[in-house]
């Protein structure tokens, strides 16, 4: 059993490399930075933490937008009727995680991305991407 | 006769400056660059046109995402039930306009942004932003 | 009643889309962020405010440079003999607004951009851009 | 059984999220874009392909630099005595893949990143990151 | 006799590091890329050349704006009455060099930057920066 | 006797413009920003200082990577057997200088870049670049 693999829509070229992992990686950073911010009382560290969390959360938003509008098709949106709502909440939550230094906001963001990932891997298109990645990895 | 209202969500800080004009400005460029690409047979010009269209279309996508997830609220999405679909189609169309050198793709994108703008200006929140802008312009 | 004309020089391609509104939108954010910084005593919020103000003010500088050197011609600079000075002061003031958390610095910046806008709209070239925009808006 | 999982050094903050997958994802895009470039005779598509390949290869270089100088320690470099050479060749190869439209250059790049990945996953530090990721994934 | 040294305004923080060399380095690239474009008949190389020239010329514009509005003071602009005009022509010429694949446009740009450099090194402020740099270089 | 001249690898195009000065300029800023941070007790100034230092140090890392993998060849790396180690330490130190507000970290970074510069100017390739630059400067 495996899944995270790789792939991610970079380029609007149909390069065929898509994966929810990109958004999740950034969201993990957002959460962990918030944790480290809470654990530190060093002014320099805390200032840097907020700055870097901002950048990571912006990356989350970008990756999610790419998945929503480039990977998922009109047909997917019919099949998974909560897809639009899920993306709105996830992108919105990335904004919340920017504003907050509470790791729980990052954790909630990760949960939403996992829900998106579950749908992604149910689609034939997603599995095809996974197949490609796995082939290149030599792991399938 | 007047011109230039303004506002646009820049920053996830609730700076209170939002406006569909940002996305539309970029979309206008996308369309006009495609037109100029078609009208030119100069290799240098055409290469630059494609490159710059790519950047402008990416900006459209970004501005639309900000409007959707930062300006519009869960309540707005209930009130205007086509909002999610409209945004998906607009962001998706920005990707189409990247791939194409046909000005019609940019024109279709502009039409979708105008539909979003119509909803924006119907909201009290949008009018408040407009009111602010107008006050600063001295034009209302 | 309506709003939003548009245009802005994006691309050194003569795409024909120029407008002082771009700089003004960013300057409005600069001013409002400074206000919100003053009104807040939350460490996270204040740190984010300074970071985002920095980015917005940098955008102002960029948009002004584009207007000065790409939209305005040598002839315009002869006709409006204070143009160079106005741009120097505006771009310099954007730097001041970076350094300061006083909304008055953003307000002064907005005033300078409005002076530039007044000249912009006096030029035939500016009106032509406005005309284009209006045509696309269906408002002229 | 293995999985790419996730993690990647974003931020010089010791956020603790590192993974060779980031570089590999971009390298996959580089290779596939080159393939699609070869398969197309459409001028617009080919121009876009080269532009996007450039960006993706630059991302590869960045991710590799982060792994080399931020994740791997002086001790790792002693233990794995070919590490510096491997990174030089991989980063250099990313430059070669920029210059070329031959998918084989991207494929060679992927091979080098896989060699780096093999070392990464041998380190206790890498396994720790993997452990974290796996825990969050619920897959270990 | 020496001069190039270093320093450059990066940051609106008065970090005290300014130098016309930054703009000149980019302008040199612009000129040389145009030369290489002319000497090549390889499609991939030529496409990349135009793309990279675009980025380099944009950097020139940025560095010149910083020198003009951040390094040079209102007093300098009175003392060197052609300063504003020189900057307008240089920034404008950077735009011309974007549009063109003729190395002569890059050469003209370099000439204008050299004129700016001559003024820079006449100012006490510029010499002070040079002094710092030289001290760090161990060459004065 | 002089040396700084200019040149710097921008573009993976073999534009032939390389120089260690680029990295050093940024490192100078990093050191001076840390100094100014220490000398200030103004909250706004200090927050901006940390943010700008972050960006400058990131630029150092980028310029060093370009020198290492694009300018220096496999042959250079054999001839100067400490080259890889020097680059690892310099890039790693740039990360340290990000994390710290101690000017000594920036100073150490500058020292490492100077060591790289010494090697650069010993190579025929580096001298050739210097020769080019000097020719354009009219100083050799």
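Note that the chains are named A, B, C, D, E and F in the order they appear, and that numbering of residues resets to 1 at the start of each chain.
The rule is short, and it goes like this: a residue touches a chain if its C-beta (ideal position, glycine included) is under 8 Å from a C-beta of that chain, and two chains touch if they have at least 3 such contacts.
Owing to the predicted nature of the structure, the values given are computational and were not obtained by experimental measurement.
Counting steps between touching chains, the shortest path from chain B to chain F takes 2. Taking each chain's centre as the mean of its CA atoms, E is the chain most distant from chain A.
Of all residue numbers seen at the chain B-chain C contact, over half occur in both copies; the interface is built from largely matching residues.
The greater number of contacting C-beta pairs, out of the two interfaces A-B and E-F, is seen for E-F. In terms of the distance between Cα centroids, chain C is separated most widely from D. Note: Cα superposition of chain D onto chain F, rotation of 180 degrees, nearest 5. Distance between chain B and chain E, defined via averaged C-alpha coordinates, is recorded as 34 Å. The distance from the centre of chain A to the centre of chain C, each centre being the mean of the chain's C-alpha atoms, comes to 34 Å. For this pair, chain A with chain D, the centres built from the Cα atoms lie 18 Å apart.
In chain C, the residues touching two or more other chains are 12-13, 45, 47-48, 51, 98-99. Taken as a graph of touching chains, this assembly fits none of the simple shapes: it is neither a line, a ring, a star nor a complete graph. The set of touching chain pairs reads A-B, A-C, A-D, A-F, B-C, B-D, B-E, C-E, C-F, D-E, D-F, E-F, using the touch definition from the header.
Those residues of chain E that touch chain B in the complex are listed here as 46-47, 50-51, 54, 98-101. Listed in rising order, the residues of chain F touching chain E in the complex are 1-8, 10-17, 19, 21-22, 24-26, 28-29, 32-33, 36, 45, 48-49, 52, 55-56, 110, 133, 136-137, 139. Looking at the complex, you find that chain E touches chain C at residues 12-13, 57, 61-62, 65, 68-70, 77, 84-85, 88, 91-92, 94-95, 98-99. Taken together, the chain E residues at the contact with chain D in this complex read 43-45, 47-48, 51.
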